[in-house]
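Chain IDs A, B, C and D follow the sequence of writing; residue 1 opens each chain.
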Amino acid sequence: MDLSVSIGRLNLKNPVMTASGTFGYGEEYTDFMDPSVLGGIIVKGISLKPMEGNPPPRICETPCGMLNAIGLQNVGLKNFLKEKLPYLRKFETKIIVNILGKSIQEYVKIAKALDGAGVDGIELNVSCPNVKKGGITFGTDQRSLSQLINSVRQAVPSATIITKLSPNVSSIPDFAKTAEDAGSDAISLINTIPALAIDPETWKPRLANVTGGLSGPAIKPIALRMVWEAAQAVQIPVIGVGGILNSSDAVEFLLAGASAVQVGTGNFVNPRATSEIVEGLSAYLQRKNIHSVSAIIGKLKTP
Amino acid sequence: MDLSVSIGRLNLKNPVMTASGTFGYGEEYTDFMDPSVLGGIIVKGISLKPMEGNPPPRICETPCGMLNAIGLQNVGLKNFLKEKLPYLRKFETKIIVNILGKSIQEYVKIAKALDGAGVDGIELNVSCPNVKKGGITFGTDQRSLSQLINSVRQAVPSATIITKLSPNVSSIPDFAKTAEDAGSDAISLINTIPALAIDPETWKPRLANVTGGLSGPAIKPIALRMVWEAAQAVQIPVIGVGGILNSSDAVEFLLAGASAVQVGTGNFVNPRATSEIVEGLSAYLQRKNIHSVSAIIGKLKTP
Amino acid sequence: MHKLFTARVIENRPVNHKNYLLTAQPLAATAAPLPGQFYMIETARSLDPLLKRPFSYFRRTPDTLQFLYALKGKGTALMSTLATGQEIRVIGPLGTGYPPPPKGTAPLLVAGGLGIASLFSFAETLSKKLCLLYGARCRSDFLMLDEVDKLGCEVVTCTDDFSFGKGGKVTDVVSDFLSSSPKKRYTLYACGPLPMLAAVSDTARRHKIRGFVSLEENMACGFGACLGCAVRTVRGYKRVCKEGPVFPIEEIVW
Amino acid sequence: MHKLFTARVIENRPVNHKNYLLTAQPLAATAAPLPGQFYMIETARSLDPLLKRPFSYFRRTPDTLQFLYALKGKGTALMSTLATGQEIRVIGPLGTGYPPPPKGTAPLLVAGGLGIASLFSFAETLSKKLCLLYGARCRSDFLMLDEVDKLGCEVVTCTDDFSFGKGGKVTDVVSDFLSSSPKKRYTLYACGPLPMLAAVSDTARRHKIRGFVSLEENMACGFGACLGCAVRTVRGYKRVCKEGPVFPIEEIVW
């Protein structure tokens, strides 16, 4: 059974990764599974300086989903390189670091440092406000997005760059193409969808930050549609994220055209989800008498 | 207890309406409730000519939601006026007709005929492709949207026009303002979100149309965020739609700034949902010792 | 009469490896169903599954309704955990029933597997002059055979794998049956998997007899409001839940 | 040891109008919990509720775990319908437990209402020299009083509405208690509603005694991965599920 897939120059032993922000820096899951069985680990978004995050409550549950407004809490680049990366390196899997910044310069600095430290890939979280452009997020403005990717591409020419697309746009194919044209090796989608929940008793929002990002099974059909649209628009690999809980969900994304998948909220529901998905994919292919996972990528049968 | 609210010149006895496409033409619900208890009925989208709709399967369930690709099946303007409207008129509630067209001319024709027939309001479904503009939907292009509303406004100067916004945009406030500036009396949101579900066994999409619109509780947090954003951007009334099942959901939308709500998928889950929401709202206000529903509209307490 | 009602679970037990029989007691007066009609049943008090599921009623006693159901997906899996005493919300009876056979014709009922769930109550209402052809994949797939025997009518069973009754597909058995009794005029009533219904309809056409089939389609509401359960007929799309689930064979575009 | 395990429901019964006691038997070897630790419990086999819910363990027997829980929202409502024999997935034990009292101090446990769920097992492990102040809104809100009596330690009960034990809030009772026994040095352990914890912490500070509080916050994972359960401490945000739920009083920024 060949589960391996390629994301740019990166070879993953299987298409199952963890989604940024849902797998800590790897430490928390060793009570449940061996992270070395994964195709890759996408690390929580790293910024130049440590960020303390939002006040609580930071999360709440919604129908078949959850909202989060963690506020990008992270240890910052320096601590990550010193304290977290050496630990992550012990797992036999690819380490991809999700990064974020308020300006192109910040992204470039982080990317260079990480590339120098030898991480396997960099995922650009572009749902952050671009302070230079009056706060519009990189992810919803094609020009800013293109400039950002271009600059990072030039700064780390040989790194594997994955651009994580925002779902908050009218036309995913346009943004997918923008990422491809600007030199991204792959795109991943979707990030969480901005959302709101209110307590009808107290009249207050359920999150201190008022709005938060919706994730989980509730958004799976939206993510799947966007992955399908994106995969038709670009040649570079597409990584599917959004509501994946089990191998059957993962198969849906592969059929829609994803070369790999990321599991986010699913890790909270079942901390063994990712390793069960690796096993489940293998069993699925065996049952279908298919010898390589790449044989099902994009094979959705449309009329 | 005063449950009445105003939508433009239209006075609703309470803020609870049915969402277009989920209440038939009223006939199907009389086994369960009395439609006269409602603030309003929004009729299934009407086009100039009858439309036969999409091949089956047209619907499927997803986590806490459902996809539909009915394909705008409807009896057409003429049959609606002759066969359906007289029946609807028997209920003591406002009748608002959701309309759709492939060109501005089509919308204008339908709006004029309906206005002439004395319906209480017109809701513009702008999620349809504008054939003149190469198929881009009116709802995701501010210029087309503005022209459409302007033209309908001029054609039926005294009609109550509600523009139903598409959720498929980066910035809901921009589209809300466009609708206000172009002369819409109110906006309603959200329509369904484009989505996809795949059968991992057959490799086929679960709907014959491949993609469909996601509705139900899964999308409630997204709808609520958009309603909140829209309500802050415009002066005209906002009507909240998306995942409302009960009065507590309705209160969330009112607090977020909606002057009224529409119930869609909730009618399928519980065909008495709308009338129970009317009762539930009344009980809620009584319990909170509030005498008028308008006193809670937009009262979300943000930090 | 209330079409939306609460019912209390009286019994919910497996009848074989993948089928259950649910007996529920409506807690309010409800309309009497006609054979072939169905109910929308809440399978769990949760938003997932969100929608009720459609089930033909298997049998009605003075104060209960019985449903025979197969474990298919998440709705029926949760349904199988309903415990005695639990309350569920139900909508029904819905749709059209099987029309009585026209004068001068004998009813020929053709059930494929779980199709018996919908045809059983129809058989109960007919005089014993009917004939029931009941096919299943294998011996263990037959449901409620004891009850079927008690109907007292002519019953022909058959299995795809020759493990019980006649060997062969029920569609072939129908064909043989009609060929071997050419004098008698029949009205056919069929319920079962779609390919079986298509084949049986074809046989009926060839033998120039009238007939009715009970169809299934994904349903959101079950009472005609969503237009989700469309089936293509010679007169355009019709709603399985409202104009159906029972349709004249000649109306369906296969 | 497996922190993710399946447990079988042995018993699930109401203990009063809005609280239940769940007894579950882990089906695999699991780590022994420390008093103050908690478990994440799957309340239903459904995607709604999606996330497991955090519960302190009330008591551990050689082969079962007991949880005392209140009906709050949809998760606990579904949990209350779990039937004997059903299997649920559980994660735990999680978080930090109550640290033992430093030498030379006597443990003073302060439980507000359901706070007893987390303090009971701690009381069990302490020598009988402890004192437990147990407050509730009214007489019928006390939980497991029989079991508490069996602890054999000094127990002071009080009710807000003067219907049982001392009259008045447990926070006032703590204050009185400390004022009336100024010679003895105590270490305070408190679990209960947030306002109670804040008030008790204040009292502890005023009496210059050390203490620990068990906090609650919305949780997605329960094991440190989501950063969702942040609580503000003097050293920045900490995770209730990992660095807590038991925190030294002086660390918390109220």
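Everything that follows uses one rule, which is that a residue touches a chain if its C-beta (ideal position, glycine included) is under 8 Å from a C-beta of that chain, and two chains touch if they have at least 3 such contacts.
Small disclaimer: the values here were computed from a predicted structure and weren't measured.
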*Would you mind naming the chains that touch subunit A and likewise touch subunit C?*
B, D
*If every chain is reduced to the average of its C-alpha atoms, which one ends up farthest from subunit D?*
C
*asked:* I'd like the Å distance between the centres of subunit A and subunit B, where a centre is the mean of that chain's Cα atoms.
replied: 34
*State, to the nearest whole Å, the distance from the C-alpha centre of subunit B to the C-alpha centre of subunit C.*
36
*How big is the gap, in whole Å, between where the Cα atoms of subunit C centre and where those of subunit D centre?*
53
*For subunit B, what residues touch not just one other chain but two or more?*
63-65, 216-217
*Any chance you could list the residues of subunit D touching two or more other chains?*
47-48
_Thinking of each chain as a vertex joined to the chains it touches, would you call that graph a line, ring, star, complete, or other?_
complete
_Contact set on subunit D toward subunit B in their complex_ = 47-48
*Quick one: in the complex, what on subunit A touches subunit B?*
62-65, 67, 140, 168-171, 193-198, 200, 202-205, 208, 210-211, 214, 216-222, 224-225, 228, 243, 248, 251-252, 255-256, 284, 296, 299-303
*In their shared complex, at which residues does subunit A touch subunit D?*
21-24, 27-29, 31-32, 52-61, 63-66, 68, 70, 73, 216-217, 245, 265, 267-272
_For the complex, give me every residue of subunit D touching subunit C._
44-48, 74, 78, 81, 83, 86
*For the complex, which residues does subunit D have touching subunit A?*
3-4, 47-52, 89, 91, 217-232, 236-237, 242
